[in-house]
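In the two complexes below, chain A is the common chain; its partner is chain B in one and chain C in the other.
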Partner chain A sequence: MNVLKVSKFTIALFVLPCLLLYVLLVFVPIIVSMYSGLLEWNGIGESTFVGLANFKTMFFDDAVFWPSVRRTLMFAVFSMAEIPVVLFIAILLNRYVKKPNFLVSSYFLPIILSVVIIGQLWKTIYNPASMGGMLNQVLEAIGLGSWTQAWLTDPSIAMYSLYFVALWQYFGYHLLIQFTGIQNIPADVYEAAKIDGADGLKADWYITFPMNIPIFKISIVLAFIGSLQAFDLTMVMTGGGPAHATDLISTHMYNMSFLSMKYGYGSAIAAFLVLVCLVATFIINFIFGRVERKYT
Partner chain B sequence: MNKMNGILKVVMAGTLALSLAACGANNGNNEGTNTGTNAGTDNGGGKKEDITITFQNIYPDPTDPKNGMIKKIVAQYEKDHPGVKIELDSLNTDQQKVKLKTQAASREVPDITIVNPAAQMKPFVDAKLFAPLNDMVAENGLKDTFQEGILDFYSFDDNLYALPDGNNIGLVYYNKELFDQAGVKVPTTFEEMVQVVKDLKAKGIQPMAIGEKDTWTGSFLFMNVLLRTNGPGFLQEVIDGKKTFEDPAFTEAVDAFQSLIQAGAFQEGATSFDYNAGENLFKTGKAAMYYMGSWATGGIETSSVNGKVGVFKFPTVNGKGDVNEFMLAPGSAFAISADSKHLEETKDFLNYFMLNFPKEAFEVKGAVGLAQKVEGDFKAAGYSDMAMEVLGMFKDVKGGDLAFDNTMNPGTAQGHLTSIQNLFVQKMESAKVSKEHQSAYDSNK
Partner chain C sequence: MSQSIGAGAIKPQARVRGKGRWGIGKIASYILFGVLLVTQLYPLLWLAIYSLKSNEEILAGRFFALPASPQWVNFTNAVESGNYFKYLYNSLFVTTITMVGVLLLASLVSFAISRFRWKYGPAVMLVFLIGMMIPMQATLLPLMLIFKNINILNTHASIILPYIAFQTPIAVFILSGFMRTIPHEIEESAVVDGAGVFRIFWNIILPVSVPPMMTVCILTFINIWNEYILASTFISSEALKTLPFGVNSFVSQYSVNYGAIGAFLVLGALPVIIIYFLLADKITKGMVAGAVKG
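Our next item is the complex of A and B:
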């Protein structure tokens, strides 16, 4: 076991500073926040310990909570469904485009922009035609006037409008990751396959997919966790409105903690979010563990 | 032994590095949150050290006259009091609210900060975060500069905790030019107002503007309707247990409010417009009416529709109510942290600041809707006709109501705000709206 020829004590010593920082900055706040979830507290004054009452309210009496969980999970599903599409486009770029780097960098641009700018930009695009909304004006101009919508203010579609913007923004990010992953697959594997008669899509199926699985997994995990924590875009574009129609777990948590001043209750929601993230990460790791073992 | 020494060295070096890092972080933290309230006291020698007072405020916009005004008063004070530095922490209203709550949680309230009256500042007062200002307001006759009764909104158990920068009323601004184009007259009843909306709409003119992404705007208007159907004090009666939200006056108000929305009064997509964007529609002449607190007067005066704008009192609803009862909006107010390291100096500065506030505001044409008495001839100073009309309206005020979130606890207020915002996107049965309100109230008692 002692391959490194240093004592465990030394190893511990070198690991310690980082571990300490990590524990202090990540675990301690999580524990503290879980504890606040057991309090009835407005964030400022005295607090009373109420046990699991906050969680009871959350699961059974809060009309906003479950719909916001559903919207968050839907968001996660959409984000993950985007990845295979991205992978396909990355394959096409890699194979048929002569100088793909330029395209990849252009797709990456929205990531560089701040979410606030993206939000304001799309807000104007989604505006009603009478207020200069580009999307509705374009629809009218090409004779699809009946398709125009109040994209951000109709409760039944506002959330989908937000999903789209988020998917649009992160498209380039995942494309870059997948594209790099594909480029890292050695060319000689493909050459060998070509001799054996596997070309084009067949080569992708038997070579690109299996060899790209670790990279694919990174994107999926990032997309999943990212969408569970999504907050800024909704805040900028709708603030969770109209009438909670676009509230996600995170915005609901924010509204509860800071606007309704129920800090304890907000912490309970936060604790739930952490738990969901942990469980989900565990499941994803488990699934990919099996898939990877199957192919490697 | 040698090995042990080596390890010891590493440990020492590690500890040193950690402690250095910790110090660095700590310093940065102090500067970030407390903006160096007292940079020099700890290592100070015999001579009197410079002190810094942090002044959190909500005037970040350099085009806002109040922004220049606050800087001017601060500069003058710093000149007269060498050794005192006033550090401005200027934030948007919403940012300031969140920042203050975060600071309050760790009891790091800046020396001077901004709070809203009545129910909104109560949690802070209950947590004993603010210093009572009773003695300070008595000095230099500051108390007498305030209007009768206005300080009550900032007093709890006979202690005054904050000094307001304004006192406003809710009223309707209208664009005379657009009214002429559509051939409509100023409505005297709510039913006429709905008709005016329809007439304007028929001429292709946007009848009203509102920034309903910031939910309080619609609530403010709705509460004015309720003030007419019920008379003042509805929410207090609910709190006292004499009424519920299922009261007929409340449902009547909901119905009236919906009739206005259903007539197409507000711009498409109103719920995605924030306060400024909504107001801009009116200020750029794209909407004919705008219901807002009188604080909007200054902004409208400096906009392109200046000179074309008149004001009217919110009309009676179904023949009920008194037009001289207004939505009252005692302004945001300056409070001093109870934990301030320089309590005396801070009090002295705020005293000076408030004494000069009306005078300077008058000069930059920002004196409409102040909480203090203003001396001077408004007309001669070049205030617009609209401003004069608004000032005249103040003289007619015979009581009224506070905004919802100034009366109810934050939890209920949020329930109310969403419920009203929802009316802008879909028609609801008034009974259902009542029920939403009642259950929000019951679960937040």
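Our next item is the complex of A and C:
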């Protein structure tokens, strides 16, 4: 039981500065945004209340919207699919490497760099060989010249080039999270299992996987929410182009609001994005709640 | 149970499974680790070499070759024409103010949530938790309109204020989680000795809370130092740009001077990389703790 009994004034003094700033700059804008989603407005002039018309346009008449939703979900699927692979590597790392710090912190390096550095670095890597792009130069050097691609300007592969960069950047992050999780499983559990004859793969299957579920869930949630909100990498590398081939929900929203000046419509997309994020978090927590009850 | 992880990150354990024996599995694993090391680090190394080459060398296609003579001129070009130090200073300024703001505001609230006897503590906590699910981009547009109306668009305040707001939920979560674990006897005896609330906060709770505050500092630093979208949306003056924004506009402008682009990217990455070399352990632990607790 907390012991400090203080006056209302003192409480206000401690709580209000932060709470007010936070509510004013996070909650109020979201509510304003929800409301603007019902307007037709270019941000400067008169606004007209149009009800759900923006949402109708979004769902039925916008040729970019559904493909961008599909790409965002694909992104989420790829990011989540990376996690089991990462877990496997973390298990190997834990099993075979005595001093893993060097490896782990090297793998981690890309995540601390700004998305601008990462994005521009990969843009130079993806450049055509004639512009100094490393990837195509490597392919030509090893005799796979026919595999060279216009990685970011060919609409059919540009999105995959972006997915790869995101997976590359976040690999070390998830690896470290999973690795730390595995390290925190008490060693005596494994010793007891060894006496019962469970070792190696068997021990991983019956001990590491179930005991690591909460940490696994954290990575999955981060990967999922992260890809729903994925934004800056695409903005830096392609801006949603070529021909909307790399537009995600968030970049579509940004382009609509800030380039096409359809503030009302952009806000409607933003509202959709917020809703998707909240529902997705809820669903993931629900699924893992059941899994955890079953195994722990 | 996920609370127990994090701070105690990588600790040596006496687990004998397979370490030491060189079986086929171990060899295969080491090859895998090596390949991953190359894929994760080589692009950065390549960039460093790239930044020292002349345009002719870059276009010649020998990606692996070292530059015949290092073109330091790329770096002087980048610094002279790209306002590098201006951007660096702006980033330092914005990040520092944000860090101080987050620490101060979040520790006040966390103290109130975790130590005061009042009934709305959990409700306030919930408000912050909900905020963690909200995508930052959804607030860009309304924030821009609000800032335009109160005339702070295109000032550092227009990015610092939302930076602080967006960093507080995770900070409050980490700090209040820690402060909850401080034994209550501490305050009881302090109250008996006649210390007021502010003295308890400042002289007792804050000094004990240094480790979680470090975590908050690291998370805030990495997030804000690297932030690009808010800065590029709210700032337009050359003199106010932060490093990521500045790097991006420089690189987009000088699209054919490859060496200078490479040099500017290296310069952009350098501050964080230097800090990472010095504090790698603290940063990795801090970020994992942030992820696990968030």
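By definition in this document, the second predicted complex is superposed on the first by the 269 of 296 C-alpha atoms of A that agree within 3 Å, B and C clash if a C-alpha of one lies under 4 Å from a C-alpha of the other, contacts with A are read in each partner's own complex, and residues count from 1 in each chain.
Criterion: a residue touches a chain if its C-beta (ideal position, glycine included) is under 8 Å from a C-beta of that chain, and two chains touch if they have at least 3 such contacts.
Predicted model only: the values in this text are computed from it and were never measured.
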Chain B and chain C placed together on chain A: clash or fit? clash
A:L121 contacts which: chain B (first), chain C (second), both, neither? second
Chain A contact check, chain B vs chain C, more residues touched by chain C
Once the structures are superposed on A, label A:G45 by its partner contacts, choosing first (chain B), second (chain C), both or neither.
first
| message | Applying the document's definition of touch, where does A:M131 land relative to chain B and chain C: first, second, both, or neither? | response | both
After lining up the shared chain so the two structures overlap, which partner does A:H244 touch, if you call chain B first and chain C second: first, second, both or neither? first
* Asked: Which partner does A:F258 contact after superposing on A: first (chain B), second (chain C), both, neither?
  -> both
**Request:** Identify the partner contact of A:T10: answer first if only chain B is touched, second if only chain C is, both if each is, neither if none is.
**Result:** both
Contacts for A:S106 in the overlay, against chain B (first) and chain C (second): which applies, first, second, both or neither? second
After superposition on chain A, the stretch of chain B among 43-51, 97-105 or 133-141 that runs into chain C is 97-105
Chain B and chain C footprints on chain A meet at residues 10, 13, 17, 43, 130-131, 258, 263
The answer for chain A against chain C in the complex is residues 1-6, 10-11, 13-15, 17-19, 21-30, 32-33, 36, 43, 89, 92-98, 100-101, 103-117, 120-122, 124-125, 129-132, 134, 137-138, 140-141, 168, 171-173, 176-177, 179-181, 183-184, 187, 190, 199-200, 203, 214-215, 218, 222, 225, 228-229, 231-232, 235-236, 250, 253-254, 257-258, 263, 266-267, 270-271, 273-274, 277-278, 281
As the complex stands, chain A meets chain B at residues 9-10, 13, 16-17, 20, 42-46, 57, 61, 123, 126-128, 130-131, 133, 150, 152-155, 237-239, 241-245, 255, 258-263
Within their complex, chain B touches chain A through residues 7, 10-11, 14, 17-18, 97-98, 101, 104-105, 123-124, 126-127, 129, 213, 215, 267-272, 410-411, 413-414, 418-419, 421-422, 424-426, 443-444
Within the complex, chain A is touched by chain C residues 1-2, 4-6, 8-11, 13-15, 17-20, 25-26, 29-30, 32-33, 36-37, 39-41, 43-44, 46-47, 50, 58-59, 61-64, 105-106, 108-109, 111-118, 124, 127-128, 131, 133-143, 145-146, 161-162, 164-166, 168-169, 172, 184, 187-188, 191, 197, 200-201, 222, 225-229, 233, 243-245, 247-248, 251, 258, 261-262, 265, 268-269, 272-273, 276, 280-281, 283-284, 287-288, 291-292
